[in-house]
Every structure is written in structure tokens, then in C-alpha cells.
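Take a look at the structures listed below.
In what comes next, subunit A is part of two complexes: it sits with subunit B in the first one and with subunit C in the second one.
And now, the complex of A and B:
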């Protein structure tokens, strides 16, 4: 990536997957957050929930600025998914592997974000994967292949800066590879 | 519909619906009024039972949260009211104080009445809602 370049990427995934935490972990600026009290504890026990967006900024060693946008997780806020994807180069999809609905969530987000942009570049971060009942990474990989999507898949702990940086840097590599591929094709 | 709407007594629910209904009926410029939790659930709405009111509830809560973030960024304390004007009318989101869960009233009004009159009517409606919800 060229120095002084500005990029936009989107963090998405279901409620409780760790989008706000991930952006907090790597943002060089104090992140903008729109968390409010979660009043629907029946659906999710989390005390707060993001209702508009998270925003942070990461400056890479070469000088490239990566603008980080986090989406709300609930489908009633899907209008924000579309708004936040405008101008975004790719998506980091976070999944909470310990959730009973992990695989269904995975499908929902893959399908929705692919409707927004068919060739959407994804990087997948699966968190809380140590849960015994959860799906293994291979099962997520299998699901990706049924959608004919090639996307890097990692086990992550989004509280750890290195794990989140790995996701962002991998997404940037995917984007760079696409640019190289396109230039070879032309 | 918000799961917490079951939490309110029938008396409170009836009073909220009555106030919203009266508010819309007595302000012809108002085309829609939605009482919404700050995390985007419709609690009550006039006109009732429309998909568009649920969407307005989610969107207005996002806008409210963004306004709160902007107000904090500007070094002010807390967003009280959000006003969006268009050529055809206005959308106003009023915070309602001291309720559990935290709530707002989102109102869509055409430009047929002076905006000041609509704002005044919204404020009065919010005061009434605040009183009845506190008691609930």
C-alpha cells in the first residue's frame, strides 16, 4: 500500500462478537462509540449494544491510514450495514463461536454482505473458539466453500491487539493481491 | 415490538397509546409518532402496526446515538433533541427523561404547519409520556 493512502474497512458480525472491542484494541485515536444500554436481555445478556457505528483509525508503518468502521450487530440495524459499506474496500467478519447461533450468524452475514457487493473481500475472525460445543474452523471453511468464497479464517481473541492487527493486515494483503491480479489480467 | 413493552401495566400502555393518538390527531402536520427504546425497539406508535414505524424506531435510535457522540465530541454534555429538516417537512427525535429503558419520541411532520408549533406540541407530548412512564 502506498504511503499517505487512506483506506476504509468495515468490522461486522452479530451482537457480542467483539466489533467494538476489536476497534478499541487497534485504534490510534480514541474511538467513536455509539453504545447504549441493551434493553433486550432475553436475546443477549450483554449490558450495552452499538446502535449506529464504531469508528477508529489506524496508521500503518508505511503511513497508510486505515479508517475502521464497526457496524451494529442486530439485523434491525441492517440499514447501517449498507451505509457503512459505501466506499469500504473489504470486511472483517467476527463470529462468536460459543454462540448457539454461530453458524447461522455466519451464513446471514456472509450472504448479506455479499448482496451489498458480490465480490466482497472478507477476512473472518472466529472468537471464543475454545468452547467445547462450538463449531471448528474447518466447518466455517466448509461453509465458505459452499458459497464459493475464498477468505482467510483465523481463531482470534479480539481483546489482543496483535490478533486484530493480523485480521486487518491480512485483509490489506487480500486487497493488494486483487490489485496485482487485476493488473495482470489487463 | 420491544420485549419490555409487556413490562408496563395495561393502564400505562393504554395511557401511552391514548397520548400518542391524541397527539397525532390534534396535530395534522404529524404523520407518524414512534415511542422507541434507545436500542432501537418500537414501544408504541401512531399509526400502529406498520412496518415503517419499526424501521423508524431503529433509524432514529441510531441517529440519536450519533448525535450523542457528536455532542460529546463538541464538548457539550448530552443531546436532548435532534431535528432534521427537509423541503417536505421535518423529523424530530426528543429524548424522554427518567424512563427505564431510556426512550425517545420520533416524530415525522409535514411542512404544512409552522415547525415551532410542531416542536411545542412534541414537547408537551413528551412531558405527558414521561409522567405516565415514570409511574409505570
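And now, the complex of A and C:
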């Protein structure tokens, strides 16, 4: 068992999905963000955006450190996604359902991240959008089903810490179930 | 919401026989029988099991026109066949025959709901071993089935039906909630939602009444009906639902929206274990470190949400070991304890 393996959880998703907010909600330290003025206002109206990564940290009682990384949202930085996800305990994908490109973004990210490692614990949070018009998470569920992916898919609001914790708790439960299964198999 | 709560892999579907009406039975009854026949064909893929037509002798279900001789119906009933009578004049089913009645003109939805009810009945074991063993007298199979009536109604709702057709959920004449026809959204008062979530309201005798064009009060908040399904299934019984068997292996085919449900940590753990590999109830208790009642209730809730599939053990391919992520220096057991404590997550 290696003594210096990095433990990390990766938050990914398109620009404006709430990765920085989610990391801020649970990190022990104020997250370090490499944000710059957003020059791509056509894609998203936010004033700044992450160009390299966000970084937060959990320091557990026994001294173990878990790093929290937020990937840059733009697809042109996808080479970073793979680097960050390598060896991660799991990946949290966040989608802003109010974005016009939400479904296309969703498709891009699930295809990309399943390719990186199909059995990596993977949890999806879709920004809350239940309205009087009905419940639309079903469309995302159908898309997952089309890709034959069985992954947790929840409606969340990452501005609320308990919603981010629900995603992390689920990620840990999936990882734990995998570890237990591996111990039974061996 | 998925329209396929539980399916049985490799199971042969129900066989149905349609008995032609007598030549002098009248035009309406002949049309009604033809309509049902064509709907049977049109519903292929919408039902949970594949229906095939057969002769009455080999059929599980026999569909007869109104006025069919009662002695013959009783004989089929003695052979454990289910009988559906298609009528053009409303009539009462013959008592003790377990008979189903469909009144012409009927809507496609009514016919589909009938087929789904028949499927549930046909896949429900008659001996219900799990329920019967060591239960108090009031927990007979029939009593158990009564607890599941509302859940079975929910299972027949289909997202392909119209979102704009509303049903009112009523209990003892009191309106509790509005449910959209596609079964995805429901509207209710916050206090009722809280009662549903805490199990303080008994949903077993709730009936869904078509709203006939009426619209819900706009002050009611729309909620994801997965919440209603989950808690209806979770609180229905501490025994397995009639269509689940303790000896079978189940796995998760989709995750219900836990953002709407807000399950307990133990329930997330149970879902996670089911998502990894097909597993029986006793294995689930062991691997998820849950109590038997909690595992049973969660399995019931997942099934009510259409999130489970039955997998025959011989069809389960051995998975390759998972690729490793980084491993905590002090081992995973300690790591899970420490990170949950740190984040204030329940164990």
C-alpha cells in the first residue's frame, strides 16, 4: 500500500455549473481558484471563469488529506480533465439545467468521463429546475439509459451545503460498495 | 419515471386467449373485443412482460365477451386462470371469481392499466412465503396485498401518458394531492408532504380519481412524484412487496432522485450496494450492514420507483475487478469513518 498516494475528489461540469461553489461549500480552506475575466460571455454570462482548476482540501482527524479539484469547464481544456481524474476516488459532475446547452453539455461530459474510467464512482448533480411545468430530470435519466450508464442522478442546489454533502455521501457509498465487493471477490 | 418497476429476465410472458362473441351477441360487443385485441398488439413494449395469444387451454388470462356462461368461468377459475370480461353494459364482477371487468368504450390507458394489473397478479407468488412465516394473524397475504393497492396503482402510471391529465389522490373522500397523468409530478400542501415523508399518513387506501379537466390550485408547490413513490413503497410494509422474492437477486437499473427524496445514509448505502452487482436480500443485509427491516423497506421503495431489475443468477457475468483509485494509507475502513465524521455525514 503506497504511503503517499493522493486522495482526491474531482468536481467537473461545464462553465457556470457550480463547481467552485460546491468546493467552497465543503472545503476546510477557502478554495484556491485560478479565475480570470470571462471572455466567453456568449456561452455564459458569469463575470469570471476558472481556466486551470479550483482547489480545496479536507484534512481529516488522522491527518489524512483529501484534495478537492474543480476542472475548467470549457471543452478546450479537456486534456486537464483526464489528468485530474487519474486515480481520483470519484467524480462529481454538475450540470446547470437552466443553460440552453445543458443536455449537450451533459452528453459531452458523461461520454468523456465514462471513457476515462468506466467504473470510477461517478455522481451527477443537476441544478434544481422543478417548476409548475413538470419534472424534467427524466430527460437526463433517459440520456443516461441510452448510454447504458447506471449512475446517481440527483436534482441539487450546490449553493446549499447539504446538497453538496448528498453528492459526496453518495460517491463515498458507491466507492465503499466497490471496495466491499472487491474484498468478497478476492 | 420508468414504466417497468420490476421485470423478470428470460421469463416467458403471459399467454392470453380471446374468446369470440356469439354471432348474435351484437355489434358493440364484437367491436369491443376487436378493440381489445388491437390494443394488445399496440401495447407491445409498453407492458412489462411480452404477451402472447394462445388457446384457452394454455392461457393464463382468458378474455370473454359479456354474458359468457358462468359455469365455464368457474371452471377456468378452478384452473387458476384469470378471467377478463369485456362488457358493453356496466355490470358487477361475479363474486369470488377474481374476475376483471373492462367496460366498453374503454380508453387505451384503461386497457394498459388492466394488463399491468394482470401482470402483477400473475407474477405474485400465491404462497407468499416471506409474508406468511411467523407473522401475526392480521398480516395474511390478503391483508398484505391491501397494503400495496396504492403502490400498484402508482406502478401502472406511465410517463408516456399525458402530463396535463390530472388525478386527485383521495382518502376517505378527502383530497390529499394532485398527481400528473405522466406520474412525474405531484402537488400538495407542505403539511401533507411532510406527513407522506414521515409515514404518518396511511397511503394504502388512497384512490386516484381523474380530475376531468380541473386544474390544481396554483398555490400548491410542484414536487417530484418520485418522493411520493419512494415513501409509499417504503412505509407500505416491513415485509417484501408481493412482487419481490427474498430468494431472487436484484440490481439497480437507475438511481431514484435522492435530491428529492433525501434518504437516510443507510438507504444510500443499500442503493449503492445494489448498483454494484445483483444481490439477494440476505446478501444485501450483510454487505450494506443494514437491518433486515431497513433493507426490506428500501428494496420495496426502490422497486416502487421502478429502479430494480430481477436477475437470474446463472445470467450474471462475473465482473472484472475494479481498477484501483488511490488507496488511503490507513485503509478504506478507517478512511470512510474519518471522512464521514469530518463532513458530519451519518454512517
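Here, the second predicted complex is superposed on the first by the 166 of 186 C-alpha atoms of A that agree within 3 Å, B and C clash if a C-alpha of one lies under 4 Å from a C-alpha of the other, contacts with A are read in each partner's own complex, and residues count from 1 in each chain.
Throughout what follows, a residue touches a chain if its C-beta (ideal position, glycine included) is under 8 Å from a C-beta of that chain, and two chains touch if they have at least 3 such contacts.
Owing to the predicted nature of the structure, the values given are computational and were not obtained by experimental measurement.
Contact with subunit C, but none with subunit B, is seen for A:180 once the two complexes are overlaid on the shared chain. Greater residue coverage of subunit A by touch, when subunit B is weighed against subunit C, goes to C.
Residue contacts after overlaying the shared chain place A:148 against neither subunit B nor subunit C.
In the superposed model, A:32 lies in contact with subunit B only, and not with subunit C. Contacts of A:79 after superposition on the shared chain: subunit B is touched, whereas subunit C is not.
Per the touch definition, subunit C reaches subunit A in the complex via residues 1, 159, 163, 180, 182, 184-185, 218, 222-225, 252-255, 257-260, 262, 265, 268-269, 271-273, 275-277, 287-288, 319, 321-323, 325-332, 334-336, 338-345. Residues of subunit A that touch subunit C in their complex: 1-3, 5-8, 26, 58, 60-62, 64, 66, 87-90, 117, 119-120, 125, 128, 130-132, 134-135, 137-138, 141, 144-145, 150-156, 163, 165-166, 168-170, 172-182, 184-186. Contacts from subunit B toward subunit A in the complex involve residues 2-4, 37-41, 54-55, 58-59, 61-63, 65-66, 68-69, 73, 101-102. The part of subunit A that touches subunit B in the complex is made up of residues 32-40, 42-43, 49, 51-53, 72, 74, 76-77, 79-80.
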